[in-house]
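The next part holds the structures, each set out as structure tokens.
Presented sequentially are two complexes of chain A, the first with chain B as partner and the second with chain C.
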Partner chain A sequence: MPSEPHAGTPVATAGKPPGQRGEDVIHNIGYRNYEGARLGRRYARTSLFQQSLRGAYGLGRSAKSKVLPMILFAVMCVPAAIVVAVTVFTKAKEMPVGYNEYVIIMQPVIGVFIAAMAPQAVSLDLRFRVVPLYFSRPIERSDYVGAKYAALAAAIFVFTATSALILYVGALLAKLDFGDETKGFALGLVCCLVFSVLHAGIALAVAAATPRRGFGVAAIIAVLTIPYMLVNALQAIVASQDNDPAVGWLGLASPGSLVDGLQSKFLDGKHSFPGGPPDLTGAQASAYALLTVLLIAGTYALLLRRYRKAGL
Partner chain B sequence: MIAIESLTKRYPRVTALDRLTVGITPGVTGLVGANGAGKSTLIKILLGLSPATEGGATVLGLDVAREGSAIRERVGYMPEHDCLPPDVSATEFVVHMARMSGLPFTAARERTADTLRHVGLYEERYRPMGGYSTGMKQRVKLAQALVHDPKLVLLDEPTNGLDPVGRDEMLALIRRVHTDFGISVLVTSHLLGELERTCDHVVVIDGGRLLRASSTADFTKSTPSLAVEVTDTDAHPDGTEALRAALVAAGLSAQAPGAAGAPGAGHLLMVDATDESAYDTVRDTVIELGLGLVRMEQRRHHIAEVFHTDSGAGASDAGDGAAAAAPAGVPAAHDRELQPQKGGSGDAV
Partner chain C sequence: MYNQTVARLTYKALLGRRRALLLFALPLLLLVVAVAVRLLGDVDDDVTKQLLGGFAMATIVPLIGVVAGTGAIGPEIDDGSVVYLLAKPTRRAGIIITKLIVAIGVTVAFSAIPVFLAGYILNGNSQQIAVAYAAAAAAASVAYSALFLLLGTVSRHAVVIGLVYALIWEALFGSMVPGARELSVQQWALTLAQKIGGSGAGITSEVGLTMGVTLLAAATVGGAWYASRRLRVFTLAGEE
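Then we have the complex of A and B:
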């Protein structure tokens, strides 16, 4: 029996006086028990959050997985830098693009980022069946879902807020009004936050439905872009018929236009709905807010349900 | 270590566990059952991940229904299936899993290096796991179950998919987990034969009910049977039959199950080895007859045989103390000694 292959190693030196040990004997110090701290659930949850957040940008993973997020990150930031450059050189009185507006305009890029990152956060664990290993540890289902959700939301927030930060720094360099810009930037960050949390929920709920990463990517792009394009087209048609309230109601039908409407009403922005300025009515505004909250809570509940069966 | 009290688990269509009551003591315990016998369900309940329909259990003195999180902090689990992402290295993966168990980062790094070394992974631990062999993957899976220095590990079919050599190494490693690391082990398998070499105790479940729980020595006592295969010679055209007659004459009980029509067993002779001298008798008889000994091994038990012995009753009392004391490794050693050219010990199923 080939058992205990190392058991003989200490014998090699046993007969010799100390200090005269055999030169190339590897001393097996044997198994050591761990007596140190066990930090429990909260720590594990935080670690999972960190690992997932870093993973979204390919940090701690292979060089190959860093390429896409970094390129997208650059694509997201460069236009902001150009806007800043234009503002500074033309000595404009205000930014050509608002903080909120920038996020809405750059939606396709953010969409690609989300579509690439959400499946990597959850599908790989499902596909390679790592999930049971998580659930065989102190963390609970809600910890896993919560950590993944928070990590993706944070990743999207970093992605969007960085360009807002570039715009803000640029605005200060261009010596625009400090008070106005700071307020705009703060509201812009709130807009980024709402956008991130909402989109993270939707993307994760879709991604967790399939262990196949490719399907996940395609499905998320579809969910984020097809309704948005449809809404835009329908809004344009309705607007040409002078049916103003319908434009607002239609905006509820896609995550992108939902955030657009929200920020125009609550975050002091301008929506990019076709047909121009008429603002959302009070009823519409509350519908927007309610739907956003429902979507966030709903996708979280859906994720919890999804993992009820996935453990072991 | 584990106390299970009339544990019942019913799913809408099937009863996975049916009033199972069994106590598991420190040491290496084998949990044997056919596919669908309820092994995985039992592990799920013991980890506090699935509520029992009736009854209850405690693991390390903690109640599975209420203290699942505390249990999982002190218990390691190695799943049966693949669970390793291919694009990260073993080190990164095990460090991450150690942190998931609550170990601070530096401790997680140290423990990972230690544990991977103990399971026998060296330079390859820095490479992505996608390129690992099955044996290496099994080692990583074991390492992630041990990295937080649990009091108890639950190993689900750890030898699955391994070749005979890898299987022996894994079994030796499992033995060391208890003897060297001081960690108790509950290991499941559907092969009783491999568990009897590793385990102190064996628990057999079938259809969710306890079939048998006893120390491994009791199991070997109940089936002290030798499988002998010999060649035919000119002097003895039917060597098997000649040997059978000679052994019966020498006072041993020997049957050729091939006569009963079992396929592939045509040249096998089953000899009841009531004590150690039976090995010598067989060897001497073969030499006297001038036959070639192809193999002589302690019959490897398959789960089905336990069911047979249990239903067939009586068989468990056949052996005496001396036979029980015969270590399981002896026949395998004979085998290698006598027939090095055949590599007869290879049929490890």
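Then we have the complex of A and C:
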């Protein structure tokens, strides 16, 4: 048996200094290991967050996918600008619409934005079966879920907080009281934050359940608006029967009225429940806060569970 | 014009799988709420009107219209299988009319009947309220089906556009801008309810009866005509 130079030597090249690699393998087709810096889990996580956030507004995507978010963004901001114009020109003593109130009134627009963007963030990955590719990177399941959750919440926050900012700047231009307005604006931002985190969780949990984008859009709209309309109708009925405590308890049943009740109790706002002023009682307020926390934690846990199986 | 096979396929597409889940869930929700309201407190005509007008007509009927109207043709165009249908020697206007009839049938069945039942559960059809709202729901269903079928042939994002119309235009702008209410299928259909409902019922609508019925008919016929036109000039090659 002729003695081949390779005979008996292991194919493995581990431990060899770079450059001499491959001298003793059968075929050296020139593959090299990556020797640059490894950016790691944290970098992958922030990239995923950034890309998802930009994607929600169509940045870095085709011109066609910029149309819908930008139109909705304009629809969200223009009424705020009109409110500002009215306040400045009529020299009103205060804004006709509060910061929190504005977010609650514009809910249908925000709802459409959320419904269009949440499936875009998660359903397409599922549909084209690229989720396993994400997990072949150094990120963990919680990184993917956390990044997507944070990105959608940030997108909704930007969507809502921008119009609050327009109202605030307008209030200062109209020379309204600086202290009052700043306090209202700060509380308004907190309201936007709670709204964003809660709605992002609900929308993502629904979107992650279906790989079909169209179906996800319809399902999210249904989950967000049908309970809200139902709660409104029921509250009006109960209010006309002079059953005030029930109005507050009914508000628990939809995400929109949940945020509405929360902001009226904790963030110095007025709720738009039918039947008017009677505020939430202490027990109701704690139920609202508890349910909000439970929903946020619950949807996050559901998402984690959804991505437990890498094959999907 | 009516094509049995196309009708059968459309029924299957509408009532099969997950779409049917939504179609059954919405009316069921309405009935459950009606029963709950009835059991919880004394129900008068005002409460019935609030629930049927504020929830059923404003939310359930348009949503069922969106699901059935766009569902009759949208998915076929989306996954490209409409090509096999168009390649057959059937008139395209015939395809649209068949699909429209099926969509109307499904929408009426899933919206008008539950509305009538809910009204009957709530106050036993006093002042003809249940009949009035059921008639309005049926009339609105016809117009919604035609409009959303048209949307399905015009855009790939028919569901989103349909929902935007149903929720933002009819619910949000309708409540803030009075003029927007006159341009809403819901208000046109409510003229019928106003006519049928007893004088004590006090159902109101923004437009007159003749105006409402004319607009409903115009929306239906116009929607169907333009949809068949869209299908006639449908390009077989994909856009992207």
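In this section, the second predicted complex is superposed on the first by the 275 of 312 C-alpha atoms of A that agree within 3 Å, B and C clash if a C-alpha of one lies under 4 Å from a C-alpha of the other, contacts with A are read in each partner's own complex, and residues count from 1 in each chain.
Keep in mind that, in the parts below, contacts are C-beta pairs under 8 Å (C-beta built on N, C-alpha and C of every residue); 3 or more make two chains touch, one makes a residue touch a chain.
Treat the numbers as computed from the prediction; the structure is a model and nothing was measured.
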Notebook entry, point to check: Looking at the overlay, does A:221 come into contact with chain B only (first), chain C only (second), both, or neither?
Noted result: second
Margin query: Applying the document's definition of touching, compare chain B and chain C: which contacts more of chain A?
Written below: B
Notebook entry, point to check: Does the superposition put A:247 against chain B (first), chain C (second), both, or neither?
Noted result: neither
Next item on the list: Tell me which partner A:68 touches in the superposition: chain B (first), chain C (second), both or neither.
Entry: second
Checklist line | Touching partner for A:230 - first (chain B), second (chain C), both, neither | finding: second
Notebook entry, point to check: For chain A, which residues lie in the overlap of the chain B contacts and the chain C contacts?
Noted result: none
Item checked: Residues of chain A touching chain B in the complex -> 1-5, 30-34, 36-41, 43-44, 47-48, 51, 60-62, 65, 124-125, 128-130, 132-140, 311-312
Note to self: List the residues on chain A that touch chain C in their complex, please.
What the structure shows: 68, 106, 108-109, 111-112, 115-116, 214-215, 217-219, 221-222, 225-226, 229-230, 232-234, 236-238, 240-241, 243
Check: Where on chain C is chain A touching in the complex?
Finding: 18, 22, 26, 29, 33, 37, 41-42, 46-47, 50-51, 54-55, 58-59, 63, 66-67, 74, 78, 157, 159-160, 163-164, 167-168, 171-172
Notebook entry, point to check: chain A touches which residues of chain B in the complex?
Noted result: 40, 43-44, 47, 49-50, 69-70, 72-73, 75-77, 79, 81-88, 92, 96-97, 99-104, 107, 111, 114, 118, 128, 144, 148-149, 168-169, 171-172, 175-176, 179-182, 197, 329
